[in-house]
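What follows is subunit A paired twice: with subunit B in the first complex and subunit C in the second.
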Partner chain A sequence: MTEKKLGPYQTLKQEGTYKIGYDKPTVDFKQIGKRGVRRYDGFEKASGKALYTRDVNLPGMLYAKVLSSPYARARMLRLDTGKAEKYPGVRAVLRYDDPAINGQELTGSIAGTTRMAPESAGWAMLPVKTILSDQAIFEGQMVGVAIAADTEQIASEALKLVKVEWEEQPFILDKEKALDSDAPKLISGADSNKIADEDRELTEQGDVEKGFQEAEEIIEFTARRDAHLWAGAELPSVVARWSGDKLEMWVHEQQPYLSKLILAEQLNIPMNKIHTHSLYQGCSFGERCNPSNWSQNGINVLAVLLAKKADRPVKLVLNRAEKFYGFSGDLMVSQFKVGARRDGTITAVQMNNLFANYMCTTGVEHLVENTKIPNLRCEGTTVFVNKPPAWWNRCEQLPNVFCQTLVFDHIADALGMDPTEVALLNDGCEGRDKSYLEDFQRENGFEPRDSLKECIAAGKKAIGWDENWHPPGTRQLPNGRMHGMAFTWSHDWDDTRGTGSAAVLIQNDGSVSIIAQHSDVGVNPWTTYMQIVADELGVRYEDIEINPFDLNVGFALMSPDGSCNLGSNGYVVKKAARKARRMLLDLAADKFDLPAEALDIEDSTVFEKANPDNRMPVKDVVKMAVPMLNAVGIWTEPPVLDWAWHTQGLWGMALETGRPRMCRQANFIEVEVDTETGEVCVTRVVNVNDVGKAISPETVEGQMYGGTYMGLGRALAEEMVWDPATGVLLNRNLLDYKYATMLDYPASDNIYIETGLGHGPYGSTGIGENTATMIPALLGPAVYNAIGKRIDDFPITPNKVLKALGKI
Partner chain B sequence: MNADFQQTPNNLCPYCSAAFETFDGLKAHVVAVHKTEPLPKPDGLIQLTVNGQSHKLLVAPEWTLYQVIHDKLGLTGVKMFCDRGACGSCTVIMDGRPILSCMTLAIECDGKTIETAEGIAEAGHPLIDSYVNHHTMQCGYCTPGFITTAKALLDRNPEPNESEIMQALAGNLCRCGTYPQHPKAVLEAARTLKEEHSK
Partner chain C sequence: MRSFEHFNARTMEEAVAILGRYGDRARVIAGGTDLLGKLKDEILPKYPEALVNIKSISGMDYIREDNDVLKIGALTRLEDIAVHPAVKQHFGALAEAAGRAASPHLREMGTLAGNICQDIRCWYYRYPNNRFPCLRKGGGRCYAIEGDNRYHSIFGGTVDDGCYAVHPSDTAPALIALDAVVRTTKRTIPLEDFFDVKVSATTVLDPDEIVTEFEIPQSPGKAGSHFIKFALRKTIDFAVVNCAAMILIEERKVASARVCLNAVAVKPYRAVKAEQAIIGQELNESTAEAAGESAISQATPLKDNGYMVQLAKIIVKRTILACA
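Here is the complex of A and B:
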């Protein structure tokens, strides 16, 4: 049979598509996996030299401010901007009824076409998603008018001169009452506040009725989770500058390429006329990865239009209060029914989940993906409430972790079993038991290892589980507090996916550039890309540079979301480095008068394998390989440059693409509960991850301890509090929205193991999202273990503890 | 730069228009020749020494020190994070004390000496290297605020213990959760300083 010869495009596509188990290490690791590699961004960040979008100041730049709704639900009857327009220093006013924007909706872009599928994000589900509307559906929504002025102060003062006649409308905040027949409806004339979401309304596997019949123990319980949010360091910011028909943008976004695509589509600006800069990003956590929301697509469009109107650059920065424009996708109430046999085998789980404003995930997905539980049924309902849109918040798996942790903890308790044993007994994949995973490992050339078992053993030892774990409410400490411990587990973050591209260029002096745009949200990605290129190309780490702040270079690395930063981009830069190496050796072959195969590169020097003394520094090899040069005495050669593209899996399609998750993690916690004050004092956290392969050990650990603080804060203190009487969010600032300080929680113990089982490059997995997502739900079981009373109502604040203890 | 902002006006005598190279020269002239004191000073004129460099600035009464240092002097190491006195990210060292530049009016800072992360880095303070070595930053937005707070601590207590460091830095927020690395980095910097001192 003759194989069809692939053309250049199809070859690139084939080379760039992920194939299971093919990423066996091909080079000796020198930089990869090493401690002490100097961080790419360290000096810039410590010295204050690192630039963020908010730092950008251009000559003649104006500052924009947008009106926000003071009401939870209201309509503008009249908007008078006359006084504001005349205010000295005001240069442009953009009203909702301006022809440039009238009725224009936020738009999105993922999921197959350039249009974001309506179910893809919280904003898309809301009944009002006009960029500037005359209708507000939550307090704080950008509405009505945007003003650009010489200074921020002038813009704010001008906003105060805007006269609005509002018609207040009835609103609903409580998701559990949103479906009542007498609840105010967000869509006028609709008969319900239910949001249709066919894909997620029912998930079924096996037959739960049969499963409950087989069960020897059946439990039922309800749990609740309140909203929290990203609250990142840098405020949402954008700068727009027109020069003729060319647009220059500075954006604080995880996915500048998508935001450019959206902008082009929305305002009819050809993509090749938009020049986007993405500087350092002051946090994100998914907040800046929804390019379609008010805070991104919305402010981008406003800045672009105001800049056009005023013919001056415009900077739009939301303030801290305005940054509370959305929340995590786990504002939910869940009803569970769980059946198990006495030996700990779970036979059936049924759950009903009610979400507000967006169902990021159903809640049952981890039970599907991580376990062999044969019978599952999950019904999901989403309702509108007059709160901001919900979407992913480090990360969208929060509802799934929440449900899995509580299901396992409740059933282990009902059976009187150690939860670590129940985890191991039910471990599996999509209803299949461990033998499926073992076969998969064998067939795809992975080492046969059970990393859940290994993680649990390591974590138990570190926290002293066997000596200290006890039945609920049975251990009072000498300081009077009640002692509690808990454990949870997952496999989810072996689900890397995404697409990226980059080039590797060997400069004329032998130094190496990685060429691609990429947004850094703090996970030290560029150091890891440079480590990979160093080892794959054979050059010194110090000789490599990346300057990823400009989208105009044409290549863009996968955005830092979906735990797929390194998971996709490691492949991209690895492939690009290998291709550039091929080019370099081809050039060197000429210089050495030897075939390329006879040569190798090490330490930025090319040498003959059979005679290592025959060597030439890379810089001498590429001496005449230049992109341009004026008249010279000898012929020039083309630059050594090559590029690669890689695509890695499809989100939520693990089994369809034949990729069961094989890397596991286990998280353990120890707390002391003060029964007088209700305070939960965290004394220890142990995180154990199978990271497959740690490319940068310090970065792995950074994500583990960093995620712990976020996770604990979300479990114990972070909550958004709306006034039931007015619908106003009461804690729009970082004094009243409380997150972890250095003194609040202890540093976690972080253990990682490296099985090489991951689907990422060199067998790695994602590490950026999981700890912060795993920790919050763990506090429920920990507090239960301490006081013997369930508080399945998160966050677990002292008032709830005291209530559970019957003290208030 | 905004229209309402201008650099130091010439040192011209308001009585006889004689020009002087320095403000102090002008002052001496007015006292000696015109026998008058105090010297009338334009509203909003302040003098700041930032990272060892002297600046004369005309500021509007509502401008914060952050605005002047970040927007006018272009020192981006002063970062606004919480926007209202809750995070420590905008910390600068003023006359030896760490203060929040977002909560300080520039007009009240006449004659003050200020240090920012840029100045600390330029002076080669070991904090910078120890912060890099310990990966004491993730997104890095809060980092310069920690650096200034830590520098102020080391200036007044060159050998702090871990708990003193944590107390000093407790007011600085870091959403990325870099907290465990800070005491390590500050202790290392203190050790290096001591070694340098004993050389």
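Here is the complex of A and C:
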């Protein structure tokens, strides 16, 4: 059979589709892996010069405010906006019964998410509109009316003049009571508060009954965890400006392209008429990655409609309290049954997980993906409660690492074994032992390395595990506190389906532009792209620039919506740089009168390989190669520019995709528990990550530092407190909601290992989400090791410790 | 935030005169760290029409050792008190309390007078836009009793109206333990008598009365003082429980003791029973423990704050021991 000749589209697709195997370096690393590379956004952010969405001020711009529900569940019987409409300075009033809202399929409706897989839509699956509904299903929900006025204060004052007649309805906050037959039903007329999510209700591997029969030790326990807030520093914000039928948007989002798509679908605005800017961003952590979310598409839609109505630009910024209405997808209670043989081999794990508002992940996935446990069964149930949406928050893997950490720690303890040994014994992939991974490494060009073994060895040494670890509740320190240590582990974060595109243009003066929109997600991505382009193209790092703030350039790099940034985008810029290099050498061949193959580029200079003295700066090579030149009679050449597209494309079970996760991580912690006050003092955290290859070592460590603080705060202090009588969120401010600060805990010790076993460029794998996700559950085992009493109820606050100790 | 008149007073007399003109429709502002938050959140039913800035009055920011007393100007910032050598040496409890209040930024703004005049902490009272019109705002009920009261009073509500919101000041218990008095534009008040529990008020001050100075007697003999704060975070939180104590030991026995808790009751709680328990005793683990027990002997915790009783007991014990 003759091979089908690929056309240009199929060629691009083939070039851009991830191919399994080690991505070997094709160039010498100069910038890649180097410390001390100047951070792309460092000066602007540190100096306060960086501009954020709310800094945008346009001539004639109005400010918008939205009414929020004071009740956890209520229906609007009457809405009187008469006085507000007449208030001086009010320019537009948008009500729920406006034809632009009423009957439209906006965020919160099922149809509004047609481009997203339903399981990814989460809260958006709710069959109740969450943009300006006349029904509230959580306190703080945007309801009824939005107002645009000359100033923020006028908009606020006008909102106070809106009269609402509410019918309060019974509500439910407690997830464990939500399925009771007499529980108020969140959706009027529904039989139950259960959310159907067929894909995740049952996960099975092997036969757990058989596994429990083979077990010599079986334990059962229950664990609970409260979700934490999804918020970061920057407030949800948007600016919309109409000019005729053209719409200009400034958005604070991880995926502006998707939000543009949703605007096009929901408001019927052609995508090519929407010009979107995404400036610097003060946070994301996943909160800004659900384009159909009410605080994202919701505010976009309101700003767009108000701007149309008023025929003026409109800025809508939610305030700090309004930002509190959303939380991580691990508001859950789990029942576990674990069976193991006395040698530490786990034979079966059964878990039953109850989630509220959204089942991000089942809870069993990491046990599937990085253990050899043959028999697993996980039942999942999701219920509605009258709380705001749950969503991915610095990783949807929270339930999975929570369950893995507790399963391993409880069973190791029951067997009287060192948990690091139990981990090593059960390392594997989808029920297969490590030989499966070893075969894969051999067959696909990876180094034969045992990632978990290396991570554990490094971590144990750093924290002094062998000298200091002890049976639970057995070591009191001279200061009177009880000493505790704990360990957990998991695989690398490489669950991406990332797709992106970018161009590399060599400007007429020899400087290099990476052309693509890419949302700022704070993980120093742009520096790493520039490092890769520098090495792949052969130009100086200083000669490269990226301006990632404008979606109208046509290319867009994905942000970590699929928990991936460099892992996918690194390939994009690498390929684009290599293609641009081909173009540059092709042009240079003409100038040197040599074949392109005879030339190389280094330090922004093209030279003849066989005669390096024969050289020409890149700027001279491209002297006449321009996108345009407005000078009659001057001879010009086409620009040196090429672009690439890449998709990781593979996600899911290793046996289906042929792509198991091979890198591992290990996290160690040491605490002192004050048994009189219940205070948990964290004295040391050691994070060990096999990152495959560190493109930017400081960025790797930065993520580990930041993740540690975020994780410790989640574990020990962060808690959303709801008034039981009214369903009102009581602590929606940064004093009463307790994020950890850098002074609250000691800095972590961060160790990275480079096995090259990652599926990202140069064998790298992710580091952005891991630490913050791994640390919270680890505090449970650490406190248990200290006091000998289990507190499987997170966050672990002093009152719970005192209760476990029988002090109250 | 809504708009209001703003006066930069040049003298205390002028400030008092402006307050007199506005009655209860004006507020005094110095550091503003408590007041501005309240105004932004519009927690009260009435919004002040005017703010009288007293930072513009010179000479109100000082720490002076004067004969047998330490004098501190009302506008002295918390951070300046925390690091002052004389305060650290002779009035340890106050230096520690000032240094643990709020956060580093707020300590550079907040004043000592503002710290004792700050409003109560209760997440119902402080909820924006007067969502919970509670007793302290002249409303009909307390929402905390049936609500989440994990940070509320363990020593009962006020007799008159049943408010369980705690007084959060860190410096107030220290000043009470140190037997300080406060001077105002009208009078001199022992710190202990300064606090009150009324609708829209936490102090005995009249609407046109302003704190001007603190006086702390030099401790008799070699009394030691100490302050301990228990909070969920080290950096910024209000205390769950705090305690200050000043103890004079003569011939190895406690000759006099002043112990004051805060954040556990509607106003600073002088733990008289704890004082009685140690006076005449040697100061050691077991007598301190007994004092801790005595301190909480009259506690009546609510449904969510039983742990605060244990914390109060331990913090009293540790504070007393630290005075030795």
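In the analysis below, the second predicted complex is superposed on the first by the 776 of 808 C-alpha atoms of A that agree within 3 Å, B and C clash if a C-alpha of one lies under 4 Å from a C-alpha of the other, contacts with A are read in each partner's own complex, and residues count from 1 in each chain.
Note that in this section a contact is a pair of C-beta atoms (placed from the backbone, for glycine too) under 8 Å apart; a residue touches a chain by one contact, two chains touch by 3 or more.
All figures in this text were calculated on a predicted structure; none of them were measured in a lab.
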For this session: Give one of first, second, both or neither to describe whether A:S69 is in contact with subunit B, with subunit C, with both, or with none.
Result: neither
For this session: Please tell me which partner, subunit B or subunit C, touches more residues of subunit A.
Result: B
Exercise. Of the two partner chains, subunit B (first) and subunit C (second), which one does A:N375 touch, if any: first, second, both, or neither?
Worked result: neither
For this session: Based on the superposed arrangement, let me know which partner A:T362 touches: subunit B (first), subunit C (second), both, or neither?
Result: neither
Exercise. Does subunit B (first) or subunit C (second) touch A:I808, or do both, or does neither?
Worked result: second
For this session: Examine A:A231 and indicate which partner it touches, taking first as subunit B and second as subunit C; both and neither are also allowed.
Result: first
Exercise. In the superposed arrangement, does A:T528 touch subunit B (first), subunit C (second), both or neither?
Worked result: neither
Exercise. Now for A:A46: first (subunit B), second (subunit C), both, or neither, which partner does it touch?
Worked result: first
For this session: Kindly classify A:L735 by the partners it touches after superposition: subunit B alone (first), subunit C alone (second), both, or neither?
Result: both
For this session: Figure out whether A:A725 sits in contact with subunit B (first) or subunit C (second), or with both, or with neither.
Result: second
Problem set entry | Shared contact residues on subunit A - subunit B and subunit C | 153, 735, 740-741, 743
Seminar exercise, completed: Residue set of subunit B touching subunit A in the complex reads 1-4, 62, 70-71, 74-87, 89, 116-118, 120-121, 127-128, 131-133, 135-144, 147, 166-167, 169-182
For this session: Enumerate the contact residues on subunit A facing subunit C in the complex.
Result: 70, 153, 157, 321, 676-679, 716-717, 721-726, 728, 730-731, 735-736, 738, 740-741, 743-744, 797-799, 802-803, 807-808
For this session: Flag every residue of subunit C that touches subunit A in the complex, lowest number first.
Result: 1-3, 123-124, 127-128, 131, 143, 146-148, 150, 230, 232-238, 240, 306-307, 309-311, 314-315
Problem set entry | subunit B-touching residues of subunit A, taken from the complex the two chains share | 36, 38-39, 41-52, 54-55, 57, 59, 150-151, 153, 231-235, 280-285, 319-320, 520-524, 698-699, 702, 705-710, 733-735, 739-743, 747-748
